[in-house]
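One structure follows; several queries about it will come next.
Letters A, B and C mark the chains as written, and numbering starts fresh at 1 in each.
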């Protein structure tokens, strides 16, 4: 008595025997395994800034917790965000940032969507009024203006997708030329968290008459603070 | 002609007559195709990028049994529940079962052509689950009760006024809510946000699956892919069994060309790689709580539905397809008639191979004849599939099954018999020229007989020359001597 | 670059042979002016592409064998005033006859010495054609099979630029299919007609006097549409343009 798995795999094996596949599936790794030299941080910062700005994202430069906190508080004011959800201090990569934000009047809301469905629903709904999400980033990709966010303890996925504004604090030294380059350096990256997402700018659609609109389901505003 | 072929021709006629549709198609496909050209021009080594992407797909398909087995094992090891659906009915049953067992009443969906292919929504509704499409275009399709007309931008066939009318009728939207496109988008965001928060199940497709880690990659621009796969407690992902790449590096290679080919973006806004459901405590973060959010359960339903059988045919190369839609945007036929004319889930050049490949030439071969074999599709395919070659393979299978029109089946052996006998060919040419003299006026024929009248419906036909080139050339050479 | 051949075989193609012999005569004349002897194998007929495209592989193979026979009595290069027929021989004959122990190798050998007309002039002969005196304006349509099957992007344009200079420009959307597609023109008449309409509109926008292409198949289809519209625009095969005003 075979299982569906066995039958499907057997059917595939049978298919492969008869398949008219072009000759190039010969098992050689692709050229993407070659590693070109990495450009300087400054060049990558410029490239990243150009790419993200072209996508209607914003890039800021700062150094030190206080200036980062000032920037974020400023963005919160501009966007009329009184409260935020955020990653924990450690993952933000900016010591004491949460305290600095609190002292500037930005309330941090915590959430817990685990546990029973009723509790989960309530908590998720309470996030509706939160105007700002603050994350760190595992890396920033210069070629696409993308941020690599890895989920984990103190690193919620919802922080970068639920609120209408997303601010990410990234150390400059975490800039990489491309996803391919990052994976060459960290081949096990996909296993680092249940969710590894690359976010390149604000949420967008052009489904209606090819007219570009931002902020469909994800944030309408994305700010990246590059920290020296 | 078969009934299916006749119906296809009628849909084509209707589409050609739809002026508004033609304008919308010209706008959308022009923009997308132009975006693709610009995006590839921006790559330093675009041909090498396409080669890399092709190799990534080819390596997975060449050993698809072990790739898939590796994927399933790796995904299970990371906490996924793997299901194997041999048919569309199996997929429907499995997913309905998952919902029923958990008492799920509401499911949100991010865009998935595979779920359309297996007609999932209807089955879930029968099982008492309300299903809400969350991709803006698919949401409009769902409200309108029709089907997507393009695999990336589903509502080319809808004007903003159509969408406004639908929102007013189905969502009770006010005039202010539908005043302009940003307002309509904001309304959709509000309505769908509530659904995301309440849904017990999120259903997605899979753009690409990574065999070595059991990861699934879901790519969107709107963010609905992230919310669908994060908020509900249960995430179900429907994965076509051919959508694999071997390693993470291979994933990067395909991602380099995917969004560029689909919309001209260097990257989609959200490239969402999921490896297992949310992680519990006890991980590297220590004994405290694991992931603060994410689904408790991740079910991956591996779908066959004819793919393994297709693998064993002359059409197997079509399994490299990553569903970017570039071939649709480049195809002069698709650009004229749009997706609905093709009559199936997958339109355009890829659909003209996939539909007969998965569901048989008897019902679908005519799609492969709606092509001048110009090759524009092959030029833009990110994984360099030789689509014209595959279209010809469909035509060969159809001809072998005697599906060609009677007059062509009758004429073909006559034409071959004449063309393989040079003296008979010369005689036939002279005879045809004499016959045409009767039909022509001023060197042109305004009406050809029988099935050839389709030519003269829209253009004149030149009369054959009084004397063929070969005969004239021979005569001139003889005169010179 | 391959060494300059002294003699070539001209494979006229059935459409040139029966409908636009002037293109064949012009091609022969241009080649002779370039110092190449032109032989026209008398038993040539049709390359079999219509059968191949309709999915009738056996019929196409029969015609392929006959064509191979006609063109293999000598080893001289074969020049074809048609991108699609040259593409058929070069790219499809070997695959079509791959299972044939006798004709498989012959197909490969023929494919290796077959060229489309403009490809032969530029890539093999490396000719520099003289500029023609003032004449009609020309709009170039890039026939699909030659363009994408044989990579004929530069060669026809280069020749036309040399001869006609600024008088010759690309049609708007020059590389978009005209809608001929062989039997497609009849099987899918309305689609073919709609694609033709777009091409005819582009021709009108260009304001050119003549439409020029490497394939008479496209030109018969475009010309038929122009005539139906009572347009003053005429069609010319590239060989006719290169051969000069006597051929207008």
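Simple rule for what comes next: contacts are C-beta pairs under 8 Å (C-beta built on N, C-alpha and C of every residue); 3 or more make two chains touch, one makes a residue touch a chain.
Everything numeric here is computed off the predicted structure, so don't read it as measured data.
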By mean Cα position, the chain sitting nearest the middle: B
Chain pair, most C-beta pairs within the contact cut-off: A-B
Taking each chain's C-alpha mean as its centre, the one farthest from chain A: C
Averaged-CA centre spacing for the pair chain C and chain A, given as whole angstrom: 53
Centre-to-centre distance between chain B and chain A (centres being mean Cα positions), rounded to whole Å: 28
Inter-centroid spacing, chain C versus chain B (mean Cα positions, whole Å): 33
Complex contacts: residues of chain A adjacent to chain B: 3-5, 7-9, 11-22, 24-33, 51, 55, 111-114, 117, 120-121, 124-125, 128, 141, 143-146, 151-158, 161-162, 178-180, 183-184, 187, 189-191, 193-211, 213, 215-219
Residues on chain B engaged by chain A in the complex (per definition of touch): 24, 27-28, 31, 48, 51-52, 54-56, 58-59, 61-65, 68-69, 72, 78, 82-86, 90, 134-137, 140, 153-155, 158-160, 163, 181-182, 184-186, 188-189, 192-193, 196-198, 200, 210, 213, 215, 221-224, 226-227, 229-231, 233, 241, 247-253, 255-256, 263, 265-279, 283, 285-286, 288-294, 296, 302, 304, 308-317, 386
List of chain C residues in touch with chain B within their complex: 12, 14, 16-21, 23-25, 28, 40, 42-46, 48, 50-57, 59-60, 62-63, 65-66, 70, 144-145, 147-149, 176-177, 179-198, 220-221, 223-225, 227-228
Chain C partner contacts - residues on chain B that touch it in the complex: 9, 12-13, 16, 332-333, 336-337, 369-376, 378-379, 392, 394-400, 404-405, 408, 412-413, 415-416, 418-420, 422, 425, 429, 432-433, 444, 451-452, 454-455, 457-462, 464-465, 467-470, 472-474
